[in-house]
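Scrolling down, you'll hit the structures one after another.
Shared chain: chain A. Partners: chain B in the first complex, chain C in the second.
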Partner chain A sequence: MNRSIYLLKRIALALPVILFGLTVTFLILYRGPLDPANAILGQDAAPSDVRRLRVALGYINPDGSPVPLWQQYYGVMSDLLLFDFGNSWAVQRNVSVASIIVSRMPATLWLGFWSVMVALVVGIPTGFFAGLRANSLSDYVASGGGIVWRAMPNFWLAVILAGSLTAGGLMSWYRHFPCGPNENPCAWRTDVVTTPSEVSNLFSTIDLFTGVPVLEMLFIPVPNGFNLLIAFKWILPAALVLGSASMGNEIRIGRTAVLESINSKYVETAKAKGLSPRRIIVKHVGRNAAIPLLPVIMGEFYLLIGGSVLVEKVFSINGLGNLFFRAIIVPDIPVVMALVFIFVLINVFVNITQDLLYTVIDPRVTLEDTG
Partner chain B sequence: MASSTNTQNAEPLRRDDSTVLSRIADNPWPAARWVAVMGVLVLLELGALLGGFLNVVEALLIAVTGLAEVTVGLVSSSLAAGILGFQQSAASTLSGLRADTEGIPTLLSRDVIPNQGYQPGGTGAWEGPFLGLEPAYAWALRLVLVLAYALVLSYWLFRGWLVFREHYRQMEWSPTDDVVDKLRTHRWGQFGIVILVLFLTMGLFGPAMGPTTVEQNILSPYTEDSRIEYYNAESGSVETVFAGEANFNAKSIGSQDSNVGPMTYDDYGRFHPFGTLTNGRDLFTFMMGGARISLIVTGIAIGLGTLLAGGLAMVSAFYRGSIDLGVLTLADGIVSVPRLLLLIMVSAVFANTWLGNILDGGFLLAVVFGLTIWPFLWRAVRGPALQVAQEAWVDAAKSFGQQPSIIMRKHMFPYIMGYLLIYASMSAGGIIISLSALSFLGNGLGISPPTPAWGRAVSLGQGLVSGPSWHISFIPGAMIVLLVTGMNAFGDGIRDAIDPESDTGEGGETTAAGGGG
Partner chain C sequence: MASQSPPDADADPSADGDMAANGEEPLLSVSNLQTVFYTDKETIYAVDGIDFDVKRGETVGIVGESGSGKSVTARSIMGLIESPGKMLEGSSIRFDGQELTEFSAEEYQAIRGSGIGMVSQDPQQSLNPVYTVGNQIMEALEVNRGMSGEPARQEAIDLLEAVAIPDAARRLDEYPHEFSGGMRQRAVIAMMLACDPEFLICDEPTTALDVTIQAQILELLRDLQAEHGLSIIFITHDMGVIAEIADRVNVMYAGEIVEQAPVEELFADPKHPYTRGLLEAIPGRTEQGEQLRTIEGDVPTPNAPAEHCRFAPRCPVAFDACERIPPQPVTVEDGDEHTASCLLYPEGETEAERAEHHRAAAGERRRGRAESGGEP
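Let's turn to the complex of A and B:
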């Protein structure tokens, strides 16, 4: 099957998936026992105010009759699908949801980027290393570590890491690692985790929802290396926690995948041909081991979205996860709907990318199989 | 020996149509011996076992009636109210029965081996604990005995299966035998089984394992039953105090002079194996209470998820085509909403409603877990189900005119059951983690206080990790790591036992197992 036709088919199949996710969310938020008017105005609000607010929120008509659920559904869904997220009710009242999300996004992206990187850079080489020295002491240490690492709850790891960094003692070297000029004394506080201005500036130049000035992206100011290093220092513990489960998975799957391919006939042939060990590992073992690793790596995105709520909360990072948590507790329904919509979109996009990538790394996979 | 000749005699009977009972009647000795030992074991702990059994029955009753209530509620609210009434009356009958079972004497209870007491005069022999031992030793003795009992009991249950297999089963051999025999040499899998037994013991015998009870220490520390006697050094006499007041003076809040660490006594002669919480409650007792609710929620969720996944996998493999595609789209739709976010949403929206109060909020979470975990299990067993649907015996059953539901149950299900077990045990770890993550977030999410929940303990000690009160956050998390590792090990063990070749290619599914929360 032609790749573009396959892609179109996948996108067509993704539509019911997106609609399903949004419908479930809509039903929970609008049909469930939530009373946003009460939450926004408080318990003792005057009935006339409550009523006016309910009209404004689209729950009742001006004459007092309730707006039918299907009509609310139609309104909410058509706005969402046109990327019109409306205004926030409570988190930042009357500010457009899109601008709130854009202002919070850099922190989450900065965190997510490093958690994927840390997991990849540590997990895969460790897994390969363990697989190449199977059943040695270093293998047991590496794969045993992977097993425990995988079983650790993110929130707990975050609490323990944040706590030990604050305390100093054994971890105090980390504060001094790169210490910025404004940090006096060099300390670790969870409330200063920030996005480097280079990254946030990048975002302020892009207006995601009113058109993207792509050209401006090409003129990114040269990042200040030292600032980036300090920002990296702040984000690293959180990224390590968020990537922990994926890292454990990558160690495990990487190890078995290497074990499997190293005992195969084509590696034997390569050895017999006289290829250097490094070439065998990179070209023949590594490439084949990448196939089972792909779903793990792509699965990271799934874990990142859920995990960011907990990690951002413990490390006080002002990102999308924290925003979601605040919005659902208040409750601020437009913000929650918009965030769920974005997360569902990311998920669906990652899934399609994964299937396409399969065909790239593994020519044996035909597009018919996966459709 | 008589039994061996009996076995010889019984041999020809094994392949005919005799019933199990008649085979036992022909060769009663192995069964009789097993039953005799089992009877003794059960009698020793009758009260605790009955109590635990009633707890499970109650949870199941609430789960089933709760589900019925929600479904019926969509059609008629008066019928749903009727079900609610039935649920409440049945649940209260069961709690009454459970209270009665607490009156049945059990050997390993805190009445027989008490650990609470005081030293008249401030030094010397202890008044109250078992044999005048120090409370720590009395408690440790009881704990070790309970654990040993649980291990022996589980071994004896397994032994029962062995006796059945050797003497009474109709088939000489079944594939399960190979799986079990391989597991008997699989140390990693056995580690998982031991950990599972350990935590199940905590759920079942938790009230006898803690140094005090959830009732006295946490739920109602200011009732007359919650008075404890202690030696007051200032007045030089033995006085009584409410457990709640004692808790107030046994807080662990991070400073050196206000901390009761692991393996220490507080000012009231109470021993705290894991130390105390920020509100002075005993962490070990809290953990035992948390084990029960965690295991009940996980059990309901995994049961529901496995049922859905197994059923849908067989249906989609049997009919294929558009039904398969429909299930696939539904599964993708469910997976597309990140599970933790959905749980936070549902938990926040339904906080403080009647639905959110069943099982202290655990029931609703269990249902959401069950409804969101099945796509992962379904994807994992869909392959094996498709494979078995193409086997000759399924074709034969079809041409024979067998009903599809019977074909699925009798000819397909046994084949995919092992795979379901693997992925169920691996996903259970993810459920435990997410459940505690919700309790950690608080704000009405997760298990509602004051019912103990592991995640809440981590959250209570959040700011104190670096000080002397490090135990509050550290120990509950370490126990979660242990349990989840054990569940993964159990899954690994079964997978190796079923199919030693299949170690790769399941990365996508195993990501569901760990982390996430």
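Let's turn to the complex of A and C:
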């Protein structure tokens, strides 16, 4: 079986997963203890208004009879699968869900990018370093650090960092420095309700066809030196918190993987061939150590979905995680359904990518149907 | 035979394999090699003061039970001993006129591959699973012979053909897991030949293979030796394989060489009780119907410098002095080719004389080590 047939098969098999995820979410939202009309209008709303809103939201027919569940299900699912997300009910009334998501996405992408980078750029080299110097003092420091980073809960670390880095915390002594007229630029702001302009300015939507905003979803980052620095500083604590657990994981797994590889027979054979230590580590150890690291690295993408809700809440970052949380609380069912749909799609996509990457780095894994 | 050539020392066929007598330096000369491993509890004398030579074009066997220090000897020569292991001061490994124990890491790296190659025990694991066999052979060609591109590929195909792998051109692009066990060992041998070494250490290269494949590999090694003039150290615990391939044999026990002899002499007239025990344990050598004899007990872990004979607890002919005196190599036949480290020798002397002989030799040896700083 060649690669493209395998890919098609995986996509076909992913469809039930997507449908199942959406169906469960639908049942929870439409058969759960939620009353969107009352929640939107408040407790003192007139019954006639509530009734009118229920009709508008599609819960009841104009004559007062309830719309059957299957009919609601059919309507919601067919819209979603055609990528028609509808309008928001409550978060931003009557604004299209797609445009809300697009406006919140830059902050989450920026956060996600740096938390992945923190984990990759710090975690993997530290893990390799520790593995190559196993049982030395520097190994103990590095792998001990790995355990600590791994063990610190996100919500705790987020609160501690937010507390110590903002103007009222540990950074308060900086105010003695003449840093700026009103604000202490050395401290981090956490009262960001909307995405700071520096961050939104980092991305501009490029219309590939002049004047026609066809590809609203396509972001092409256009860095601007100073804004980039500010945006980087702004996101760093949150990215560190979000990436910390993966970073710890990568240190631990990286160390073990290197250690296992470096004590293997094929490394001894490589030495017997007269290869330089550098070549042995880069070529022979590196690729073998990457195999157990792959699921850890790919796992970070899930973390970006689940973890960003909490981190965005604590650091008041107005991204998708924060949006998701608010949409559930209100509740704003079209926004929740759209986000769940996107998260499920990312999940399925990451899974398929991971399986394909396995075949690339480990030739023993093939797509051949041997069973 | 070279009988037509002018009568010089080389022409004497009986001197075959005895080039040292002609003043030629052996290719590899190991003397007083001590490799120890430091653990939390104790110090293990894995190789405890062994001496042996390998001449050019010769195959020297090292035989012994598991845990007798054979593989550590191989690793010591390759310079692959790493912490917590250490070669003690006073150990000497002379290869081709150079003292390897004084080499820096870079110098050792240069001698590995092109100077000394090693084929190790487990063909399943000695090839890197994520690179093709061809990639790994061509890597050896690139590093040791500066070949790359199409010439390297052609050479790699030739090498695979030389080790009798059919359809070599296609096999080159396959991964190790697509090879059978015997083919993998051939591929490892081809990879080592790609380094063009003068000297090859084979550390139990046939142990993981079945008997027919084993015979093919031995045949292959013999052919390659004849063709390339390789010197080989062949390590095994299989006396049958030793009889097949070796010119001279070192019998190791608990980190020491207990007997050295040319192969025919060792099998015909073993002197050390341990060697006798090993030979009696080969099926088919004892009378039919008789129960196969074994050596009771296990190899002890040498965790202290030898103060006695390490084989004594298992030895059927041990006497009191064996518990007190570390035996030293004694020449047991005419010529200096056959030695045994056992208090039963030199033959013809009384027990007291023999004990005194070994005590004196051990004292001398200890002084020699102390001078070179070998005793920790």
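Please note the rule applied: the second predicted complex is superposed on the first by the 316 of 371 C-alpha atoms of A that agree within 3 Å, B and C clash if a C-alpha of one lies under 4 Å from a C-alpha of the other, contacts with A are read in each partner's own complex, and residues count from 1 in each chain.
As a convention for this text, contacts are C-beta pairs under 8 Å (C-beta built on N, C-alpha and C of every residue); 3 or more make two chains touch, one makes a residue touch a chain.
What you are looking at is a predicted structure, and each value in this text was computed from that prediction instead of being measured.
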| item | value |
| --- | --- |
| Fit-or-clash call for chain B and chain C when the two complexes are aligned on chain A | fit |
| Touching partner for A:Asn322 - first (chain B), second (chain C), both, neither | neither |
| Chain A-centred angle between chain C and chain B, computed on Cα centres after superposition, in steps of 10 ° | 80 |
| Chain B versus chain C as contact partner of A:Glu268, first or second or both or neither | second |
| Which superposed partner A:Asp362 touches (first chain B, second chain C, both, neither) | second |
| Partner chain(s) touched by A:Ser88 [first = chain B, second = chain C, both, neither] | neither |
| First (chain B), second (chain C), both or neither touched by A:Ser115 | neither |
| After superposition on chain A, the shortest CA separation from chain B to chain C (Å) | 15 |
| Chain B-facing residues of chain A, complex | 13, 16-21, 24-25, 28-29, 32-34, 147-148, 150-157, 159-160, 162-164, 166-169, 244-246, 248-249, 252-253, 256-257, 260, 292-296, 299, 302-303, 305-307, 309-310, 313-314, 324-325, 328-329, 331, 336, 339-340, 343-344, 347-348, 351 |
| Residue numbers on chain A that touch chain C, as the complex places them | 264-266, 268-277, 279, 283-284, 287-288, 291, 361-364 |
| Touching residues on chain C, where the partner in the complex is chain A | 78, 80, 105, 109-114, 116-118, 120-122, 125-132, 139-140, 143-144, 175, 177, 188, 191-192, 195 |
| Chain B residues within the chain A interface of the complex | 329-330, 332-342, 344-346, 348-350, 353, 429, 433, 436-437, 440-441, 443-444, 455, 458-459, 461-467, 470, 473-474, 476-477, 480-481, 484-485, 488-489, 503-505, 507-508, 510-511, 513-517 |
